[in-house]
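Same chain, two partners: chain A is paired with chain B first, then with chain C.
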Partner chain A sequence: MTITKDTVKKISKLSRIASNEKFEENMIKDLNAILKFVDQLNEVKIENIEPLASTVEQELIKRDDEVKKMNEKKDILINSPEENDDFYVVPKVIE
Partner chain B sequence: MSEKEFDYYLKGEKGEYEVVIGLEVHAQVLSDAKLFSSSATKFGSEPNSQVSLVDAAMPGMLPVINKFCVEQAVKTGLGLNAKINTFSKFDRKNYFYADLPQGYQISQFKHPIVGEGKVILDMPYGTKEVGIERLHLEQDAGKSIHDQDPKNSFVDLNRSGIALMEIVSKPDLRSPGEVGEYIKKLRSIMRYLNTCDGNMEQGSLRADVNVSVRKKGSKEFGTRCEIKNVNSIKFMQQAIDYEARRQIELIEEGNEVDQETRLFDTKKQETRSMRSKEDAHDYRYFPDPDLLPLRLEDSYIEDLKKGLPELPDHKKQRLISEFKLSNYEASVIISDQAVSTYYEEVAKNSDYKLASTWLMGELFATLNKEGKDITESPVSAVNLAKMINLIKDGTISGKIAKTVFEEMIKNDVDPSKIVEDKGLKQTSDPKEIENIVDKVLETNQDKVEQYKSGKDKLFGFFVGQVMKEMKGKGNPQMINDILKNKLK
Partner chain C sequence: MTEIYQLTLYDLIEKIKSKEISCEEATKSYVDRAKKSQKLNCFIEETFDQALDKAKNQSGKIDTSKKLFGAPFAVKDLFCTKGIQTTASSKMLEGFKPEYESTVTSKLWDEGANLLGKLNCDEYAMGSSNETSYFGNVINPYRNDKDLVPGGSSGGSASAVAAHLTSATVGTDTGGSIRQPASFTGTVGLKPTYGRCSRWGIVAFASSLDQAGPMTKDVRDASLLMEVISGHDNKDSTSAQIKQEVFSQKLTKDIKGLKIGIPKEYKIDGMSKEIIDLWDKGIEIVKSSGCEIKEISLPHTKYALPAYYIIAPAEASSNLARYDGVRYGFRAEGKDLIEMYENTRSLGFGDEVKRRILIGTYVLSSGYYDAYYLKAQKVRRLIKNDFDQAFKSVDTILTPTTPSAAFAIGENVDDPISMYLNDVLTVPVNLAGLPAISIPAGYDQNNLPLGLQLIGKSFDEQTVLNNAYAIEQSINFKPNFKDWWM
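So, the complex of A and B:
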């Protein structure tokens, strides 16, 4: 797989990262180098080996169905870009 | 069941078309806390009052799975006759939207918790099997409100992180009617299991609808469009009909159907393209590094299986064989678990036939009029059964029973008390009835003459007069018999 300018543009758009000519050039170079490095893994024979979901040998920790969090609205809404007592306020997003 | 045939084919200029539909149903799991946090899930709470730092996706917060939500998903899977996967995994589905604080939804992509299953529908043209492709667990998103401010959208994260079961059907549905029955069936199963309340007005059950068309008889699928987030059966049906006709028109004009995401505008009754979703299918799924695989023991699944309640399909067959109900009666009664429980209590303590007549007649009419559901019934099952027994043992007539029932609606007491207090007891004393019959015949001698000379229809008049004299409390059968005898 090779990273082209179109790939970089698409990834930038999907991840909402602003890009420009210079950024794209650098990215093409960096990402292709990374891919080439990772490609070394292709040398390993992996037939008959199940993909590993996690390297941690532990069971998934589970919680009980209990409500412990009470109203934390004030602390939460501090992070809203605009002030409002009830809601996060964001620039209009509508179809 | 009638021999009606399936007939939903849409006519175009160049022939008939078959509509192919698959559904992705999103069912909110009934649980107290969210899927990966301990915030509450209550509907209609003050905005943003059920949001923890995990739900708001603050840096460093880690998801911890709610084991009851897992249990609910497994139970639902068992209810759908589906394979439960002892190994499943959580993935991140990446997209940006204001009501998705994480920038990704935790979902299950490659390894869902539930695999293939099936649901049986009762259609007028026979039973229809609909395949289930999979069921997986995922997080719900928050809610955006767009009509409060001209320049801004308001976001409420109360719903963010509530557990959803996405139930994906195979493309087995062929008409809006089948879609309606499918949704009702899923809802009924989940309500019996108590895994989802199925409340569509509150958004606990909603669906993405995939629609394509093909020439009648063709085996190949056409290009499909996905109509996002439709929240009522009626809207789903309208959207499918509109969308199928739109696609047929495109094809007949020699154009191609673009595979795209559309939304249904309920006011204009049309679907239209959601341009913002152009890249939407590029979700760049990858395993969530914050969560380990979910492994289930066979014994755990077995235990849940043993604890399942009786499900609608089974209950229906049992009611038909145990209480000799018709297929129609049984279908109506089992569609709501609470109704079926009520029915069984009445039927077991009185008469199964009268129980179904009264339940589906007077009681349903009353509930409808008062806008109540069966759990709020003004007449308890115990008292309805007692009333039916009063009809059966001849204490009251079916007609008087309606008066008694009216009283019971106002005041849910033992019906024999009402009969006593209001003096509604049926007169079955032959002497008394005979006296009144004689009196009626005496005062209507002219009619008796007419009757005897062949005017049979007058019989009803005599019955009516006797009943009137007896204030409706005469035993109808006895009045009939005595009159017949006297008029010979």
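So, the complex of A and C:
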């Protein structure tokens, strides 16, 4: 499969990364080189092989459902690029 | 005379506990040296004054029960440190001060280590040369006629340990990010079994592959640090529920009877004779230590790197979705919310990070998921099966760590694939979740260090460490760079 300008535009949009002419040109070149490299996997016989998403063999650990005091709002809001006392502030989303 | 900063972590702590050296002297020795080593660009954030204050406090109250008491200790800037800037070497996180501490670094401070600062790395740990950092290149203390990369992504960590700017450090390894830079800088780097150390509070790259691990001056230091940072953590559901071990106390170079596998597929095309000779030297050493050598086959080795470059970007594209300019870090202006997101992510991330987000988004997108992501996961299974099969007949596997020694800054930046090939010998281990160590084994003709890698069974770090210790004691590697940057 080949990555075209339209593909780069589409995946940039999906990734929420602003795109422009120069970016698209560079990415077409780089992403096609990477895809060509990973296409080696087509040589591997994978019939009846179960996919492996994680090497962890234990069952997910459950914990007691207790209320703990952590992640205080005022501490967390300190890092937001634009804040008031109680909320995150973003550009206006309704007219 | 041996300077304080030249001591191993283990020896330094012994001398602090026996009051031969004070905590203040120890910290001052490292701080003075780090201040004179700005050219190497290892530090993104320096906490020297706080470190000196803490050391002064520690000096009067020596606590011999603490395993790292008084050790001056800088960490990779991928670990969240409470109230101290944590950037993952990205513009996106410039100025970000976490309100919590990562589990691994909490364990260091609980055992009495003393934070010196945060160390440079590739942006979001994506890179093999530390050249993707927003905060500039790190320089390797080893050089020929030009400045060389320290490897990556834990490049600042590797250079800092090699150049004696920290007594030891912790890095992270997703596809080789501890072992490859350790190999390039003549230091020791251990990637533990997946699940051995908590990932909580580490900036996430590829969550099914990321592991924190020690980067040290020698194998004994790695064993000591390993026992400090490992252990189950309720905050990381993938951290293993197994008992804490005391690796340093069980460390032995008596490895008689161990069966060691030599995988023929790791002798890759174009591998230099120097590296093959070093590998042979390693084989001779373990033979003379009474080990049995077995040629083994890991038939899917060549497919590990292509599978990795689907799986890791896929996980990264998901993990990095959180950087939206709303809750922390960098924000760019935009006429509406979507444009703000897009501009923030376009200007906040560097090129390699954007490349990987786009590849990851592509392989997960509708119509391509089966052809790429699912296929890569199936290949991952086959790679793990290869190791499972091999470990039925051997205890460890011995290979070189990297296909070359450190290269010049700028040499590989224009070609992502040639950069990715750096990790061809380290990536299979991450896909299989196994522990592996890189130890310095000798020099190439340009006097640059080269490493050997030992791979072990799941949760058998002890055998890996013992095997590495035996080789280290026999090789007796000595750093040979001059302090040319001072």
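We adopt the following convention: the second predicted complex is superposed on the first by the 85 of 95 C-alpha atoms of A that agree within 3 Å, B and C clash if a C-alpha of one lies under 4 Å from a C-alpha of the other, contacts with A are read in each partner's own complex, and residues count from 1 in each chain.
By our rule, a residue touches a chain if its C-beta (ideal position, glycine included) is under 8 Å from a C-beta of that chain, and two chains touch if they have at least 3 such contacts.
Predicted model, so just to flag it, every value in this text is computed and none were measured.
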{"item": "Partner chain(s) touched by A:L60 [first = chain B, second = chain C, both, neither]", "value": "both"}
{"item": "First (chain B), second (chain C), both or neither touched by A:K73", "value": "first"}
{"item": "Most chain A residues touched (candidates chain B, chain C)", "value": "C"}
{"item": "Partner chain(s) touched by A:M1 [first = chain B, second = chain C, both, neither]", "value": "second"}
{"item": "Contacts of A:N84 with chain B and chain C, given as first, second, both or neither", "value": "first"}
{"item": "Partner chain(s) touched by A:I17 [first = chain B, second = chain C, both, neither]", "value": "second"}
{"item": "Touching partner for A:L41 - first (chain B), second (chain C), both, neither", "value": "second"}
{"item": "Partner chain(s) touched by A:V93 [first = chain B, second = chain C, both, neither]", "value": "both"}
{"item": "Interface residues of chain A shared between complexes with chain B and chain C", "value": "14, 16, 53-54, 56, 58, 60-61, 63, 71-72, 75-76, 79, 82, 88, 90-93"}
{"item": "Chain A partner contacts - residues on chain B that touch it in the complex", "value": "31-33, 37-40, 46-53, 56, 58, 64-70, 89, 94, 96-98, 144-146, 149-157, 263, 274, 276, 279, 282, 284, 287, 291-295"}
{"item": "In the complex with chain A, residue positions of chain C that touch it", "value": "96-100, 194-195, 208, 234, 237-238, 240-241, 300, 302-303, 305-307, 309-310, 317, 321, 324-331, 334-343, 345-347, 349, 351, 354-355, 357-359, 361-362, 365, 368, 371-372, 374-382, 384, 415-417, 420, 432-433, 458"}
{"item": "Residue ranges of chain A touching chain B (in the complex, touch as defined)", "value": "10, 13-14, 16, 53-54, 56, 58-69, 71-73, 75-77, 79, 82, 84, 86-95"}
{"item": "Chain A - residues contacting chain C, complex", "value": "1, 3, 7-8, 11-12, 14-19, 23, 26-27, 30-31, 33-35, 37-41, 43-44, 46, 49-56, 58, 60-61, 63, 70-72, 75-76, 78-82, 88, 90-93"}
